[in-house]
Amino acid sequence: MKILIIHGPNLNLLGSREKDIYGSKTLAEINSKLKALAKEICVNIMIFQSNHEGEIVDTIQKAKGYGAIVINPAAYTHTSVAIRDAIAATKIPAVEVHLSNIYGREEFRHKSLIAPVAAGQISGFGPESYLLGLRAAACIANAKRGHSKKKTS
Amino acid sequence: MKILIIHGPNLNLLGSREKDIYGSKTLAEINSKLKALAKEICVNIMIFQSNHEGEIVDTIQKAKGYGAIVINPAAYTHTSVAIRDAIAATKIPAVEVHLSNIYGREEFRHKSLIAPVAAGQISGFGPESYLLGLRAAACIANAKRGHSKKKTS
Amino acid sequence: MKILIIHGPNLNLLGSREKDIYGSKTLAEINSKLKALAKEICVNIMIFQSNHEGEIVDTIQKAKGYGAIVINPAAYTHTSVAIRDAIAATKIPAVEVHLSNIYGREEFRHKSLIAPVAAGQISGFGPESYLLGLRAAACIANAKRGHSKKKTS
Amino acid sequence: MKILIIHGPNLNLLGSREKDIYGSKTLAEINSKLKALAKEICVNIMIFQSNHEGEIVDTIQKAKGYGAIVINPAAYTHTSVAIRDAIAATKIPAVEVHLSNIYGREEFRHKSLIAPVAAGQISGFGPESYLLGLRAAACIANAKRGHSKKKTS
Amino acid sequence: MKILIIHGPNLNLLGSREKDIYGSKTLAEINSKLKALAKEICVNIMIFQSNHEGEIVDTIQKAKGYGAIVINPAAYTHTSVAIRDAIAATKIPAVEVHLSNIYGREEFRHKSLIAPVAAGQISGFGPESYLLGLRAAACIANAKRGHSKKKTS
Amino acid sequence: MKILIIHGPNLNLLGSREKDIYGSKTLAEINSKLKALAKEICVNIMIFQSNHEGEIVDTIQKAKGYGAIVINPAAYTHTSVAIRDAIAATKIPAVEVHLSNIYGREEFRHKSLIAPVAAGQISGFGPESYLLGLRAAACIANAKRGHSKKKTS
Amino acid sequence: MKILIIHGPNLNLLGSREKDIYGSKTLAEINSKLKALAKEICVNIMIFQSNHEGEIVDTIQKAKGYGAIVINPAAYTHTSVAIRDAIAATKIPAVEVHLSNIYGREEFRHKSLIAPVAAGQISGFGPESYLLGLRAAACIANAKRGHSKKKTS
Amino acid sequence: MKILIIHGPNLNLLGSREKDIYGSKTLAEINSKLKALAKEICVNIMIFQSNHEGEIVDTIQKAKGYGAIVINPAAYTHTSVAIRDAIAATKIPAVEVHLSNIYGREEFRHKSLIAPVAAGQISGFGPESYLLGLRAAACIANAKRGHSKKKTS
Amino acid sequence: MKILIIHGPNLNLLGSREKDIYGSKTLAEINSKLKALAKEICVNIMIFQSNHEGEIVDTIQKAKGYGAIVINPAAYTHTSVAIRDAIAATKIPAVEVHLSNIYGREEFRHKSLIAPVAAGQISGFGPESYLLGLRAAACIANAKRGHSKKKTS
Amino acid sequence: MKILIIHGPNLNLLGSREKDIYGSKTLAEINSKLKALAKEICVNIMIFQSNHEGEIVDTIQKAKGYGAIVINPAAYTHTSVAIRDAIAATKIPAVEVHLSNIYGREEFRHKSLIAPVAAGQISGFGPESYLLGLRAAACIANAKRGHSKKKTS
Amino acid sequence: MKILIIHGPNLNLLGSREKDIYGSKTLAEINSKLKALAKEICVNIMIFQSNHEGEIVDTIQKAKGYGAIVINPAAYTHTSVAIRDAIAATKIPAVEVHLSNIYGREEFRHKSLIAPVAAGQISGFGPESYLLGLRAAACIANAKRGHSKKKTS
Amino acid sequence: MKILIIHGPNLNLLGSREKDIYGSKTLAEINSKLKALAKEICVNIMIFQSNHEGEIVDTIQKAKGYGAIVINPAAYTHTSVAIRDAIAATKIPAVEVHLSNIYGREEFRHKSLIAPVAAGQISGFGPESYLLGLRAAACIANAKRGHSKKKTS
């Protein structure tokens, strides 16, 4: 099973800045942890980061073979109907993750445009949010595959 | 007379997904219909699709020779001040079209940032929205050209 | 196929007043154009105008034989739940048209109570809005008839 | 004792359409039930239906001899200050009834302009709403008459 | 000079009901006072009352010869875009009057849809509101006529 | 058939206080009337009062054998998602009743969290609200039972 | 009978500026007209202008002998609870006047803090607003005096 | 390390009702899974369910020895400031979990009063939400203990 | 004279937690101070604390012999219509107190459901708020008793 | 220790007007009571009243030697950012007092701009509010002085 | 060329208080810097400070000879329609300056009533805001003078 | 010292279109003026324009060596959380500039998502906004450098 990991805008800066909010781990370190967990729970992951809304939309559209998406839409969480529509269109189950607890921050960060079309949301656990997200994604993708198999058999 | 057709984000997925909302016609099929109608009513059309807000802005900025624009801004309808400003800046009359009836969907889709600077809006008729939009655009562009000719003569 | 055209309140004044918003064509001239187009595309049309909300409701209720309705609810667009309910009750597909771009005018004109129960909406093209609306209505009515025939055959 | 029953706009269509919301009983059937109950509880009823806000206002104004009004204002529930003012002006106690549970439908149907000047409101029980409403009206009218008699004696 | 006086819905009940809000004068008494003042200040007045929004719209549309309109839209003050549009369309200056101080009553009565297109508004002085309104209307109509004469001479 | 009657917080004080709003009947008197009507229309009723949200939730959860619930949620009408969820979970049809006309009182009492999941709502008729509510509940429960019988037979 | 005329902030600039909104008459000219009308209808007037909220409050507090106040609160219409409270405290009937139609201007000018405690409001008739206001004030003051006399006699 | 699991109101009904939203697993089955995972990751868990807001507050107050709390506040998520204050007061890190995706349901379920004081939130993964929540809680509690140890050593 | 002191949810934790907001005094220490002041000003006090909304309602209902209530509703300040209704029903004057300045904290704490039915409110003075509240309650209860005595004598 | 008492606009009218809201005590009587209490609790007070926002700001700015301020901002409570900023700037602890229960009056009086920068607020106890406010102010000023002394010693 | 500098309420306290928000420079120091820059760029400046809204209005009204105004309205930024109207009335271009970044502070400071009638706004640069404001004002005044000269020559 | 100048979407069209709002200067002319001023005040500037939100984010992320950023986010001012987050992440002080007075335009342009994380904002002075912005940026960057030097020395 393949799972696509998408990091949204400014997450490439992780670890070097605003450590009080986002922690001191770099994106590379988070990706290593994700790869280790992926190996442990036997899934293949593909990792993508972009600051461009359009590129994230493109990437989601091309995710056809994947069993699930783990996405931290970052700033686009609150402003991108395009990413929301892409997720809804592809129908690949998406797990929305956030490093910080978005409900404890500025008012405008409390509203996610992505959440209503995501399978579920995990926020506030730092890098652990991604690991929990990967577990959730694997779990959903498996359930779905099992379901499809039964149907086709 | 030349008319520019712009398809916004995720419209490249048409026909294969969410058929209950967007119908079963692919974008290629809609484009064929547009070309056929263009021939019938004697206008030249140029067709462009992008998932990137910036590319749509770029394209509108370069539309100088065109008599009118038919645009389905899709997700950017509700979030892009940049596309709105580009349309307002170029002053080429724009016809906003939507496949689905946006007023019968989620609350946040009821508000179009583009509509106040568009010449008019057509929504809810499926692929027919584009054909009606092309007719409207041709009509406006003709009226404008007639008007300009009189002025210069 | 028969299509019902309904002109809402104050549209009987068209052509003689507020030409900057509504243009200089009279309602009679618009009706002539509608009849010409109806002949061209082979549909029968019946035209009705009233300033009374109740009469418009009555008329919609009696539209049983019609394949579609083209309605410019004018002022009642923003205040009439009764017309909305009548359209929803009869289930005859309705095309909402507006001469002016209602999204470029006062705030209270941006919200249509009719739109969510209409098949679609066309606004901003002056008298052309009606002609496009008639085409759209014919198109929907045809599709529906085709669909019914298949079902019954 | 006389009680006036008022059916608002589109209720004349009952039974033939949108049966999932309004049920399959026709207005005639509801009226029969109302007459039967009226006989049983010994009140005289007068029944009126109109799609015209003004006619409903006229009718309420002329209700002077009646002990109470049972009114289903339908669409006018949410838009008619005129009917509200007429009820307040005549001071005849009014019982507001609705077939469907208006609080389980679209947001704009949750707010009744009539309720604050009505004696009470009954909604959601289908045709039974009318029967309960007639009972309530008889009860209020009786209490009032008793009260008046004591006063004058 | 001719001035049209329009009394909106429920004003025919004046004097007999809700005297604490609307006073004890009947509509006939107010009309008498209006006629007396009209004679005094040398204007002709025509008086019209209706509970029907559509009839009021019809009446305003036919007011072509009149120099000004004095209108108490009553309940329609807060709900009728159709009356607003009729006033805006005819361009005859309209003076909006109210018996009660609408700003000291329920929240929904604070907002007038008519006020933005009226020449001015007078509220809270009981029957005196009409007399002041007639004076204001005469004054505006005179100014306008003077202005037109100058233009044409 | 068994029907459960639930009285919410502070209703145990009825009759001794705030008689202008809630009337002078005590809860015991209302319960007597309910029992009399129950006998008359041949249903068994169980009556429960509590000031504790949690106890009301517990009671609803245990209502399995009952054909319907008549509930006056009183203060919890406007604040309890837990009672709403309990009603939705048990799927026993619930009739929401109020002694006073909640739409004629403070703004925050106009919104019922219970109404959208109730079968219907009756408000404003004093103790009569309960009697009408019991009739409505019996009616719904009967219809449901009839429906189930047909299904199972 | 004495009537106090209060001109609020910036009204001392009348006639020399923003003539499109406020007209070309100076405050002195308006005052002359007021004095002439006062003589005609036999009332004494005292005129006061200030840009200071506190001075207007002081002046209202000292108005004890006056039968009525005519006040154009200008900018303080929308921001001064202090002037509102002063009017409410003195209980001298106040007529609120505005030169321009405040309901046809910026949103924040639609709401008057003064109106709910004023006897009535006149807006939109230019300098004529003051003259109508003086008539209204005289009328109210007379009615009140008549009422007091009867009481004391 | 000990972790406290709190199930809010109506969760005792899981598995038997509204399976389309909450799934077919009973609370007992979820608890078994939690116990199995707890054993696997070497933590002790204590499980508590209540429909009473006050009891949940009491339980949180007594959680002193626990390293973390996993709480599904269910209906109280949206209405209980008391539970929020209890969590904030005890300062034991709390993980908020939801079976369903609360952001894809009714508007009033989108706002959590608990989230701003929780460490993080997990929603939408059915029973898996609890298992992810337990992992997250163990992770946070360990980090905290490690941190404390360093401090004290 | 007897005065009832009610401490709402989580106040039993005072002194040990969140000292920056609530200070370092325990509830026992506050109660001691209250008892000392009660002795000094010659009133008897009864003290009650609960985390359960229903228990607080029960307690208020049973307060019949008391001259006044001093209540710190804590979290229930912002969510409990039931406590509000209980206070309104018993008509015993209630003094609402808060340790912290609720107007300097989170937005949702600015609105008290209790305040409109309380005699008055004291907030922000730490434990001193209770002492001032007891003085205020004694003062009100005395005034009331004096008033009653005069009446009965 | 010196404490500054500030009475806002219209409070100089106390006792002679609107006695149902503000009571029958004059400002002089309240001041006498304040002086008596000041003597009793051994503080010096300075009393100031003004209807001018600017003068109140000036007075607060010059309060440097004072240990605390007791202020009834009256109408300026709801409109004056300037007074708020003056209090915040001087950092002298301020106790906000109100004669009436502002939370039981008009909506616009529920919001205090002063409260977030005040030490605390007391409202609803009539003249007693001032006396409680003086006690609170003395208490805070003492605590502060004690704190400063310790620091400097 | 003459430029008027207006400092609003509480700015006379600068330098001694709340240095974290407003910096440690006194108003005198800022004024010195302004005078130095004025000399350098060859403009005459007049400096005025007041805590009184009315005095600021008076001063703006008397600014006739000035080419531009630099105004820091401080607290009145958010509450004074009177200052807004004075600026609009005099038509002297005004530059609004703020020491702090008002968009990074409390919600109510985000809205300026002055900004829509100012030429432009500069905020957030501490004393530098004034210097930039003076440059901007000189620039606008020069442009205007050049424009006027051309016109008159 | 190096300063980065960022021009947002559609600013490349400056000078040729919508001159009434944005003036007749081209972007090239503004850039020339910026370079001239940069030379005069001895700073190096780098200039960048893009219509793509993602490219602007990328550019801000790479600005590490720069002392300050001058950014006109144009349309993205109101919609881009990504640019806001990029500025907050890099911590390079940013000066937000606008050619037009955004507070005098459409409602949706009054709210800047960038302003709360910018050092300050300058709007309304046409091309002069950029020059003032460059001065402000140089000033802030110098202050910061001086501050850093002191720290490190």
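When the chains are written out, they are named A, B, C, D, E, F, G, H, I, J, K and L in that same order, and each has its own residue count from 1.
Rule of thumb we're sticking to: a residue touches a chain if its C-beta (ideal position, glycine included) is under 8 Å from a C-beta of that chain, and two chains touch if they have at least 3 such contacts.
Not measured: the values here are computed from a predicted model.
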- Message: Keeping to the contact definition above, tell me which chains border both chain C and chain J.
- Response: none
- Task: Pick same or different for copies chain K and chain L, depending on whether their interface residues overlap by over half.
- Result: same
- Item | Which of G-K and I-J has more C-beta pairs touching across its chains | I-J
- Chain pair equivalent in interface to F-I, over half of contacts matched, among K-L, G-K or I-J: G-K
- Task: Report, in whole Å, the distance between the mean C-alpha point of chain H and the mean C-alpha point of chain K.
- Result: 55
- Task: Averaged over CA atoms, how far is the centre of chain A from the centre of chain C? Could you give it in whole Å?
- Result: 46
- Message: Using the touch definition from the top, which residues of chain H touch two or more other chains?
- Response: 52-55, 79
- Note on the structure: Every touching pair of chains is listed here as A-B, A-H, A-L, B-C, B-L, C-D, C-E, D-E, D-F, E-G, F-H, F-I, G-J, G-K, H-I, I-J, J-K, K-L
- Task: Note which residues of chain H are touching chain F in the complex, please.
- Result: 9-10, 12-13, 17-18, 50-55, 74-76, 78-79, 108-109
- Message: Per the contact definition, I'd like the list of chain J residues that touch chain I in the complex.
- Response: 101, 103-104, 110-112, 115-125, 128-129, 132, 135-136, 139-140
- List of chain F residues in touch with chain H within their complex: 52-55, 57-58, 61, 79-82, 84-86, 88-91, 113
